[in-house]
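Alright, structures below, take your time with them.
There are two complexes below, and they share chain A, which is joined by chain B in the first and by chain C in the second.
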Partner chain A sequence: MVRSTKCEVRSAMRRAGRGILLAACGLFFMALLCGVSPLTKQKVFIKTLPGSRYQLMVGGRPYIVKGVCYNPVPIGKNHEYDWWSDPAKPWLVDGKLMKEMGINTVRFYQPGQNAEAVKKVIRDLYERFGIRTILGNWLGFWEYPCPFYADKSFQEKIKKEVLEMVGLYKDEPGLLMWILGNENNYSCLGLINKWSSEEIDKEPDPQRQKAMRANIYYSYVNEIAREIKKIDPHHPVALGNGELIGLEFAKEVSSDIDLIACIIYRGKTFGNLFNSLKFTFDKPVLISEFGADAYDAYLKKEDQNMQAFFLESQWRMIYQNLADYPQGAGNCIGGTMFEWTDEWWKHNEYDPAGWALHSEDAGWSNSSYYIDIRAPKNMNMNEEWFGLVALSKESEDGLNKRTLRKAYYVLREFWKKPVLNNKKKKKR
Partner chain B sequence: MKKLLVVLAVLALAVPGALAQQATQQAATSTGWMGDYGDIKLNDQVAQKPQSGTTCMQFSYTAKKAQGQGWAGVYWQNPANNWGTKKGGFDLTGMNKVTFWARGEKGGEAIQKFMVGGITGTYADTANIEIGPIELTSTWKEYTINITGKDLSYISGGFGWVTTADLNPDGCTFYLDNIKYELDPTMKPETRKVESMPFSVYSDRSSLKNHYIPSGWMGDYGDIKYDQASKENPYLGDSCIKIIYNGKAAQGARWAGIYWQNPANNWGTQDGGFNLSKATKFTFWARGQKGGERIEEFKVGGIMGEYSDSDSATIGPVILNKTWTQYTIDLKGKDMSYISGGFCWATNIDNNPEGATFYLDEMRYE
Partner chain C sequence: MKFQIPNSKSQISFKSQIPMIKTCKFGVSVIGIWSLLGIWCLVLGISSVHAQEGNLAAWNKLVIEAKTSQDLYAPLEAIKEFYFKNNKYSDFVDYLKSLAQKKKSAEPFVNYYRALARYQHLKYLEEKQLWDEYFSQGNAYRNELTEGCKMAIAATTGQEPLHIYARLLLWQFHKDQHDSFEESALSDLVVSAIEYSARAKDFKPIKEVADKFFVYKEKGRSKEFYKIYAQKLITSQMPDTELAKAASKFYQEGNLDLSENIYDAYIDRVSKTLPKEELIRVLTEIASIFAYKDEGPSDPFYAEKIFKKLEDKAGKEAFDQEVMYLRGFNLEKAKEYPQAKAVFDSLALRFPKSTHLDEVIFKSGLISAYVLRDKDKAKEYFGKLAQREKNFTAQAVSGLYQLGLLSQWEEDSNAARNFYNRLLDVAAGNFSDTVALARERLKEIEESKPIEYNLKTFLDLSLKKENAGYDMSKIDLRSQPYQVKRKQRVSVDSTAHTAPTGCMHIELQYLWSGHLGKAQTPLASQAEFETSYSSSGTKEINLVVVSPTGIIDRSLDIVDIH
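For the complex of A and B:
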């Protein structure tokens, strides 16, 4: 056992008793003396409980994903920066802070190019802080001009890339699961990165076109999942999906998917998501991207209370739908909130000068985040302010100095003692 | 706001007729007259058959659309003409119901809603409670607005009514008397009732069964013309909805749409949805003027905000036929316990470069 929460330790003591615990400690030191790493790979799988309730199991024990999306791009750089090879090793500073907060998982949208550097990050996070890694792949979603999911050569190219990733990292003890895609399903609706094929173009009915694209895409993802399992049967494969859109098609063609990794931005609530998923595609769900920014676009100033309010509410709903909470849907296994640090490049990725400025301009509108919805044109979502940790230009150990936002502390306390019934709690 | 003054004010309001009298004074200075205010006449000294005392108020509404709005109403405000721009409301904490008496000249006059609070702005009311639509009888009848459990700490819109030309094509005359705030120890907070099915969003222009207001104009709202009393070959009854989208991108958005909301303009900022838990589907009839008009989305629910809808369901894109066709949005498995966005459509220029004219009718939850 690398790391245990206080709760897990208490539970273990109740079950095993002091004598067994001592024996376990003895074995731990024996293993060290023999040069055998105690951090052996543990099988990760999903356990199905009665009533379509699901639990993620790691090393034979239930595991709640208390996670965060991690992409520590420093001020002045953009998404192309290879932070994995940063000599200042931001993950060591951040990993310590994460562990102190209670985070047990990080999500990477896609690993860096340098496999050894990636392995180093995964190992450091796991061995030093007990933090496990979720690795994803964009599935070519950002390929120019669009992802040609109906094209066999495109499919093969992306599949090869994914299987190479799996081959490289499947034996990392810190690995938790794979996520295929992010919000790629929106391309099936033609909302973003629209793709087509001759056959689809011949179809006059746009609803049928949508269904055709969805069937192609979800079948393809399923094919990759099936291939992954041939080489890595020890880690679940998640289907990344924007909202629940399109999952009625996935249900028909994606039986090899183990769980859904949903990207959800619905303010303080996830609404009927958990029950709705049961009805649409009965799989466990990881809320793989959610959160709130810490900038009030209406009052034009940082608002850490606003961010903390939304995040705590979101985590409460996640906990209310875990398998062991009887009143909930029981199909949620946790979440990876967006995100650990602010990213100063995000408002305009094409303006290098802007990467060193913390933009106060909102990039999109979402009325679910109602506190600052009265901002001009209702533009209230500040993409550069989603971090639990603010960055400053001041340098500390070769990194931008980290300042913890209120949400960090609020969630730290929530995870210590989750309060799931807060009806009397004052509304923000 | 000083509590002492507030208490005195509340006591004054609690005297039967006091609020009506105050309203009379405000109305005489045209305070709170809304919509087609030119269609409204008020006689606050009508001595003929008052409910009690010696006089009552008579409102005459001509439905001539003097300001081109198609609706009209009156708010009782404090101070006069306060549309949330200045302080002046009362702290009515401790009251739990508003009662009033009303009757129509002939019977059958339709009032779309009576309301308490709901004035927005810098100094917004802390509550917004509505009842309606109500069909008046020719004899006096007492009505109650349950305000139990509501935050009444600041109410500048003490009472109001709204009606429409569609509900009263020939206008109407009605009477009000004894409008008052009260404390009733037996009154309990109103729970949101589960609506029985079918539950109409639109049936006919003047139908009292209609629910939700097509107030949520989105995107290029300047591109939309909306007529909910079209006589052009309705599917059923005497009218249907005609929508003209000209695709000129008046606001530069390149798309447009309308949400039917409750109450009007509720973008999740107010607790105002209906409990439609019994609904398993939403059906409506639609046709395009030429056929081939493409609507990107028809939707129910999905309004997000402080009071978010409990769920949403969509169909689309839909290419309309020239003849009436029924469409269904499946609601099985959906949580319809709180729906403030009763219906919505949206389309865009890219798929309708010449614009689109289409018709809707018989929109309802079943």
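For the complex of A and C:
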């Protein structure tokens, strides 16, 4: 009896097992039919390790962002050019070169207007070269006359734009994360794109005014991040920020931000950024814009070595602060260096004739890039010369011919074997 | 034992020159005197190389025969110098490797010098832009450097200088890199150096640590270790006169921190022993050494500290008019304007016949108006200068100009016109700089125009109470030199401390006004300019810096033309 009962139970279990198996297979095929493949729908998230160390996880594995900012504007065009729809498809030529170098991520500051073209670029880069995409939004930073972050209608307009972007691209398998803003925090300090409100204007203390602007701005970004997560819980949301400026305010109001994406130009190194961040804003950090130009403003000639020298050192610092490097801060998840190709329109964006000239005039000064700091008025940063790839007017397959700079090769070798002397001490 | 430089490149370079000499000697009869001279120089060069090679062999012998680790420092330093002088860092590393095999007890030194060689090597490659080697070997050299330091540290005790040197080098490396280990390397170094200083008899490593902190702008740390070093010197039974000499020597070398520390200790000692008159002399001398001067090192804040000490010990009577003037001038150049004014006031009160009288009254007026926002007080000072009937000095003429200017700003055109006209009368063809300014202002009044824009902006910012937020803290305005003769060049330079703007460049506007001399009004894009003055007197230079989103701050500088 007992035995017969056991057999019946076993037989029932077998039947049930078969049923479950069949149901699972059915679901799998249905999912395939619907286009939701478990292989392509990979969740991206941040894993917290002991000691405020962070790792970006993609498809269940740690992912180091070895990235580059990508905006392949051809010679003679400016930032308004829709390269996404360029029939010569620059991303195919560049994607191949990037893959060969070891780049696994590109950062777009903002997607183009044509969503289908943008999707095509993201898919091509991912499917052909395994390169993932970080998508950003300027958050209206360049709106004329200034970004009115204290104004409700402005806030709603920008938020709508961002959420539309998220809705459009969140299911792209190649998507890695979102970055909100870039160096927008400088507008809170009042020297760049200064904005205000009646309440701020009433405040007599300039320091207090700055704090008020920062609170408004960071609260607003956090609100957008919260909304993004409602429609896309699968990709982290980063706060784009110039340096660490203002993060003491962000800390109080940014609980929905997953990581900080910092724009840093400190020459050879990032200084105490990684450790200092732990105290001000304990979240993982992506160095989302950094690099060096390849033009010596003092000697007035191209200097590829100078660029390679700074970039190699900067990447070494990034690697020293990844989660798996025991002695470092452990809060860095990688970087997207600035940038893939030179952009010839940048020195004077209001002069169309200048877009076809590779300007040798520096646009700003930064003494951390000391090799050419003796240039007149210390103006040593040549905005049109930051590319890992130089462009020439010569055409190749409908594109400006690409010439790889030395930094390309130096970093390719570095990534193959990042020697960091990171042996753990043996326990005795 | 014949010492051989272990690297093949070096051997080639020495040997390959010898056949050249033989060839030249063979042709002596057919070559001219210049060739002979050339040969002689070559022979001398070879001799020098041989001499150095001989030295190297001798130093190496000392290393090999050294009985204690103490005996290794001098010869290894000499050998290091030899290789470093010729930038032969890899050769030195090869030499050290061979030394490690011959003399096991020298291993900590070998590791430290290996690290030092790679540290210098990397610097050299960067400086000379020898990028191929830098990129291909950089990581390997960095590893060799850190490993070498760590091994030297592990193999030595905290009482050995080598331990401190290795920790110092490791910190320097991480500091240069600004990497994650910088903080821990620094705290390890500080702890070790403090422990070392407690018991060691050789103070040199302490000074080297302080020197390096100074070079790396770790001001607090360098002061701390200079203090420790100075303390060691003081407790070493050094006589007072020797202590003062040591302080003076460090001052001459430009090491003001160390010099000040030793002077402090010296003052502490002599305060208890010297008679009052002698102490006044000593303190005055030390304060004068450090007081602001256009050439040579100075530390106005330390000078003021000593002036204060002098006042505490001996009262105001210890100051004659020259010392008092120096104290006020020093404070003025340190931009400690309210304190400078207090000293100038005191000088004017105690020495009403001082040759500096008009200058200090005028400066007190400028400070009252444009720093302390007290135009009524300023008018009192300028009024004192203007009320005389004859013997108008440059400052008295400038006093009239300032009275006119303040009246004009208050929109009292009649009063302003009267002051300017009186100025033109008493100037009698002299004081051309001030006369030119007065004429400009008079023209504005005649044409019912506002005060020139830059000057008006400066006056508004300086005099209106609601602009108290512009407190001169955001602009550094300096002239060089401050005391000049007529027609001598003066460089005026400004730095505005603005909020960061990342890679977005901000064009600032520099609104210059005041007594600008030959330069007249520099362009608004100029953060600096050069000028000269055709007439003597005290010249005020005003600046307002403006960004696209508003005013940053204002500043004032004062130059004396004699």
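Definition applied: the second predicted complex is superposed on the first by the 381 of 428 C-alpha atoms of A that agree within 3 Å, B and C clash if a C-alpha of one lies under 4 Å from a C-alpha of the other, contacts with A are read in each partner's own complex, and residues count from 1 in each chain.
The rule is short, and it goes like this: a contact is a pair of C-beta atoms (placed from the backbone, for glycine too) under 8 Å apart; a residue touches a chain by one contact, two chains touch by 3 or more.
Nothing here was measured: the structure is a model prediction, and the numbers come from that model.
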On chain A, do chain B and chain C fit together or clash when superposed? clash
Between chain B and chain C, point out the one touching more chain A residues. C
For A:Ala329, is the partner it touches chain B (first), chain C (second), both, or none of the two (neither)? second
Is A:Leu388 touching anything from chain B or chain C once the two structures are fitted on A? First, second, both or neither. neither
Considering only touches as defined above, state whether A:Glu312 meets chain B (first), chain C (second), both or neither. second
For A:Phe270, decide between first (touching chain B), second (touching chain C), both and neither. second
First (chain B), second (chain C), both or neither touched by A:Val221: neither
After lining up the shared chain so the two structures overlap, which partner does A:Ile134 touch, if you call chain B first and chain C second: first, second, both or neither? neither
Check whether A:Tyr370 is in contact with chain B, with chain C, with both or with neither, and answer first, second, both or neither. first
Going by the contact rule set out at the top, does A:Pro206 touch chain B (first), chain C (second), both, or neither? both
Once the shared chain is lined up, is A:Cys262 touching chain B (first), chain C (second), both, or neither of them? neither
Candidates 243-251, 387-395 or 531-539 checked on chain C; the stretch that hits chain B is 243-251
Do any residues of chain A touch both chain B and chain C, and if so, which are they? 204-206, 210, 266, 269, 271-272, 275, 366
What does chain B use to touch chain A in their complex? 267-269, 294, 303-306, 308-311, 315-319, 332-335
Residue numbers on chain A that touch chain C, as the complex places them: 183, 186, 189-192, 194, 204-206, 210, 242-243, 245, 263, 265-266, 268-272, 274-275, 305, 308-309, 312-313, 316-317, 320-321, 327-329, 363-366, 381, 383, 406, 410, 413, 419-421
Hey, which residues of chain A end up touching chain B in the complex? 204-207, 210, 266-267, 269, 271-272, 275-276, 278-280, 366-368, 370, 373
Touching residues (chain side chain C, partner chain A) in the complex: 126, 129, 131, 134-135, 138-140, 142-143, 146-147, 177-183, 469, 498-506, 547-550
